[in-house]
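Structures follow.
Below, chain A partners chain B and then partners chain C, in two separate complexes.
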Partner chain A sequence: MGLVDKGLSLRNRGRLLVGVFEDEDHVMAATKALRSKGTDILDIYTPYPIHGLEVALGVKRSNLSVVAFLCGMTGFSLVILMIWYMYVHDWPMLIGNKPVRFTPSWVPILFEGTVLCTAFGMGIIFFLRNRMLHGIQPELLDDRQTDDRMVIVVEADNNVDEATMLQTMKEAGAVELRERIGGVQTVL
Partner chain B sequence: MGHGKDIKIAQEQFTVPAKGKKFAMIFMAVGALLTAVGFFTMKSGDGHHEATAGGHHATEQHAEESHAEEAHAEESHAEEAHAEESHAEESHAEEAHAEAVKHEASHASADAHHIEDHNEPTEAFGPRVKYNRKPKSKLTTFLTSLMVNGYFYLLIALAALFFYCVQFIANAGWATVLLRVPLAIASFIPYAFILVFIAVLFGYSDIYHWAHYNHLGLEKGQEGYDKILAGKSAFLNAGVLLVVPAVLVLIYFLMGRKLTKLSDAEDAAEKGDTSIFKSTIKWSAGYALVFGFLLSFIAWLFIMSVDAHWFSTIFGVYNFATGWVTALSVICLLTLFLKSQGFLKLVTDEHIHDLGKFMFAFSVFWTYIWLSQYLLIWYAQIPEEMIYYQMRFENYKINFFFNLALNFIFPFLVLMTRNGKRSRWVLGITGSIIILGHWHDVWLMVNPGVFGPGQQVGLLDLGLFMLIGGGFVYVVLNALTKRGLVATNHPYIEESAHHDVGV
Partner chain C sequence: MIHDSIIRDVLVTGNKTPSDVTKDISRPILNKPSTAWKIGFTLSLVFLGIFALSLFNTLWVGIGVWNINKSVMWGWDITNFVWWVGIGHAGTLISAILLLFRQKWRMSINRSAEAMTIFAVICAAMFPVFHMGRVWVGYWALPLPNAFGSLWVNFNSPLLWDVFAISTYFSVSLLFWYIGLIPDIATIRDKVKTKGQKFWYNFFSMGWTGSVRSWARYELVSLILAGLSTPLVLSVHTIVSTDFATSVIPGWHTTIFPPYFVAGAIFSGFGMVATLLLVARKVMNYENYITIGHLDAMTKIIMLTGSLVGIAYLTELFIAWYSGVEYEQYAFMNRATGPYWWAYWSMMSCNVLAPQVFWFKWCRTTPWFVFIMSIIVNVGMWFERFVIIVTSLHRDYLPSSWVMYKGSLTEVGLFLGTFGIFFTCFFLFAKFLPVINMSEIKSILKNRE
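So, the complex of A and B:
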């Protein structure tokens, strides 16, 4: 698994079935119904977070907190190196006869440096892995999925047969069903 | 609510469970026992190595006597006390007063040495602080301990009410299902304050060395005249000490009562009536304002003035941080206890998780303020403000670092993970440690200033902590029985019941 999660990309996929919804309750119902039948749901796109959807979808907890910890440690070490080089090694400054090594005045810089690296590292890696970083071509299944539509994508080659999956989404309240082959969508 | 969950909001009536009563009783009984044992086994002037050696005795006792008996002779005695370096004079004084001072070493009060401590000329590297404070009597130790403990519980009660208010000001819904818990904790405000007030009323001349200095009434140019204390005497005097905190706490108490009444009115009102909710927001904002700005006065007068030559501009914030994180831990522990007894059915792991986040975050906040207080002095190059830290760092090194370990390192490492914040066991243990740690923090703010070096946390301190703690639990649990446990008519109760922090 690379830094960019290729699993999230819709490229190089076979036939995909797309259900478009207008209501978060319908998405929830469809997700639960599909999962109860044993379907592997590829992804769900919603314009805003829906409470409980990740539980219904069976998403594992992300490792972002580990990333945060590692970024924090990196920042901490970098700042120690920076202060040491500037303030101890290269140009020590005697201020009020205070020592230069590991004094309380290091603490705010260490704190800020750690927080800075954690925040930026986490932010960048989060967007990178979600394929949402600037420069990554977005793959929209529906032009309104960032506005007021919600989209469920499943692979046609699934544990459950196609007709059942489409039927389930339809019953749960899908307003439109499509198939997607090689980036081209056709309304079913 | 589109959360796919159907949660029924039901009112719960709380009755104090047998376990709660037993806990309060045992805590109080053990506390009383420890207090008694601590009080009677304590030697007078306990914990003062070498302070009582030589001529010190004489001067101390003169001061004592003068305070107790003859006001008119006080100045001359005090002057004798200031000539402490000269042993000849002291032995002379000793002869002269030997008879009069033999009785009761226990009724110590006037402490002439304090004045001298800080009256040294400033040397090149800051003032030389001499730790030759006199031994304190049993009563002083008791009153100091009572003050520390009462103040600690006062901070918890005030900060718990602040927690209640913050939810309204921030328009936050998540905590609505457990809002009755901080409201109940706030009912301890008057009891805690009465304890502090008793301790300060009877012990102020012993606990605060500026009180004795004011009593001497020295003029400029006289020996022993202290410029710093004289400059602060408009603020640091018995009138201000006793009146200002009392007035402030009365305001807090009345606002707390008003908020409780609003909460009761909401229960009685029709569902969907948001007028009371809006009124509560206004009162909450008022409390936050009064509490946030004026808590500093209580902290300055009761705690910071123990080291009257020292001052810190963020001492109020520091006290707030201590009280706030402790109150969060107490709220968390009480919620966990109520849940374990089958109450607060609407409170889920999600709410507990958020309380854990609060405890984690504000442990870090406390550390931030803890360091900042020192950092300001360090950066600004004010060696005369080092008195406070020099005393604690040189004579209470173990306590100093223990404080940091208990209040920062432990909660920081344990509560960092999500699983830690969601486990009731981990939260219970960490919460208890945070409470103990901040109790020790308040102890460390006061005791070195009152006793000088060599004081240690004793059975008396621990005993009073448990004794008042038992009373605290009793009062809070009883306050919980007075109204339903769930604010069923609160506009955000549905939102709170469906609270979900995600995977």
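So, the complex of A and C:
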């Protein structure tokens, strides 16, 4: 498994079937119906987060919380190392003859450094994993998929035959069915 | 099984569909700027000009153009710094703490509140930075080796903690805000017509398509960032308060400062959120999104935090008396009855007494009244910082050093000028980015539990 989620790309795919929906309940119903028939759904695009859809699709919980923890630990260690090096090792600063070692006065900077590394470490991994980069061209299936339409996309070469998949989406409330070959879409 | 909520009122009124939301909220971005926007923006630029002039005077002549003096070494500048940082806190409270508490009403106000946080922190940073006097050596505040030997920064100093806290707060808030903006920038990207607009919205949308897997990660990242921002925001004003509390100045050397400052920060921040949103809702016709229910919820928080601040004031007085420390007792007596009594009583009436009107429903749900109250709250909170800083400093331990302080024209100009920075940023934000989080609003249209 690479760092970037390759499943997000639509490039180099064969023939795809696209179902367009206008209601979140219909998408949910279609997803459940398709999955119960054994279909592998390639992806679903929605303009807003629909809770439970990722569960219905069978997406595993992301490991980003583990990433965040590791980044936090790294940040914590780096800041300890920084303060120790500057303040204890390289040039001990004697103020009021107070001890030059770990004191509670280190805590604020340790905390801030940990938070900074956690947030940005996780943020960067999030962008990478999601295949997000400034200026990258999005692969859109419908020009309203970021507005009010939801799109289910399945590979035509699937565990279930095409007609059943299309029929299932139609029954669940798809407003439009299309096929996509090499980036070109035709309404079915 | 999903049910429509029977307990809660709808969060968005007017029976909006997702496409209505997109239309309503992207209207100011897709259309030419309105007259109200042009007037507001021009006015902000005027204030920005005042800032530039005052700053020029400060840098050209030197820090001496401020009236800060031998014992009052912090005046308007640090008052303004604490005031602006405090205002920023409400943004994080709304976007992070209310997210953890699953308060869905936050969704139509979090975007602009977070923007407010970022702009307020920019304004705040101006003051300590230019207070340095020789701002061109400002990088000495960073953990870099001194050019004359290997002397490093002092990790025991709350001022250094501030450098770390404010910069972390700013950058993490910016990241949180930006990640939240991406899906909406993508929505705008798919609506704009001109080539330039297409390029920039495409650039900043980072190729967002709205894949369900991206959404799952996005939601997880938002939750973790909220979890991080919550202690972060509490730490920032705690650290700002330790700038005072770790000193040996009577009236500053108190352990109540951290919670008291945090409560005050949220109080003033909500005041500013209310001010901004009441104008935005009227000018941009967002009455269906920022409803009376929002005002009701926000004013309740204002009342709660105002009362917390009131308890803190009374505790300070009690502890000063109870401690038996002469200096401490004098400091508080002097606040209330000394030459700056007017500042103290302005603070008391604006922060403690005024918000008590929010016990009444009419007061919480009448927009023009809430607007006036929100201004009063912010005036009161400015006075609070002024009282803490100036009254404690103008009476030194040595009576021969006693002085009076009043801000110079340049100091006043810098303060007014930060409004220029703040509102210029805010108007640009309102023109180029969606003021309300479209994707989150779309997800609550069905008002489900």
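The rule we apply is simple: the second predicted complex is superposed on the first by the 185 of 188 C-alpha atoms of A that agree within 3 Å, B and C clash if a C-alpha of one lies under 4 Å from a C-alpha of the other, contacts with A are read in each partner's own complex, and residues count from 1 in each chain.
Keep this in mind: a contact is a pair of C-beta atoms (placed from the backbone, for glycine too) under 8 Å apart; a residue touches a chain by one contact, two chains touch by 3 or more.
Since this is a predicted model, take the numbers as computed values, not measurements.
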{"item": "First (chain B), second (chain C), both or neither touched by A:137", "value": "second"}
{"item": "Partner chain(s) touched by A:65 [first = chain B, second = chain C, both, neither]", "value": "both"}
{"item": "Touched chain A residues, chain B compared with chain C", "value": "C"}
{"item": "Partner chain(s) touched by A:105 [first = chain B, second = chain C, both, neither]", "value": "both"}
{"item": "Touching partner for A:9 - first (chain B), second (chain C), both, neither", "value": "neither"}
{"item": "First (chain B), second (chain C), both or neither touched by A:54", "value": "both"}
{"item": "Chain B versus chain C as contact partner of A:122, first or second or both or neither", "value": "second"}
{"item": "Touched partner set for A:146, first chain B, second chain C, both or neither", "value": "second"}
{"item": "Those residues of chain A which chain B touches in one complex and chain C touches in the other", "value": "24, 49-51, 54, 59, 61-62, 65, 98, 103, 105, 108, 111"}
{"item": "In the complex with chain A, residue positions of chain C that touch it", "value": "17-19, 22, 143, 149-156, 158, 160-161, 164-165, 168, 171-172, 175-176, 179, 182-183, 186-187, 189-191, 202-221, 224-225, 228, 231-232, 235, 239, 242, 438-440, 442-443, 446"}
{"item": "Contact footprint of chain C on chain A as seen in their complex", "value": "5, 7-8, 24, 43-51, 53-54, 57, 59, 61-62, 64-65, 68, 82-83, 86-87, 90-91, 93, 95, 98, 103, 105-106, 108-109, 111-113, 115-116, 118-120, 122-123, 126-127, 129-140, 143-148"}
{"item": "Residue numbers on chain A that touch chain B, as the complex places them", "value": "23-25, 28, 32, 49-52, 54-56, 59-62, 65, 96, 98, 103-105, 107-108, 111"}
{"item": "For the chain B and chain A complex, residues of the former touching the latter", "value": "2-5, 368, 371, 374-375, 378-379, 381, 417-418, 498, 500, 502-503"}
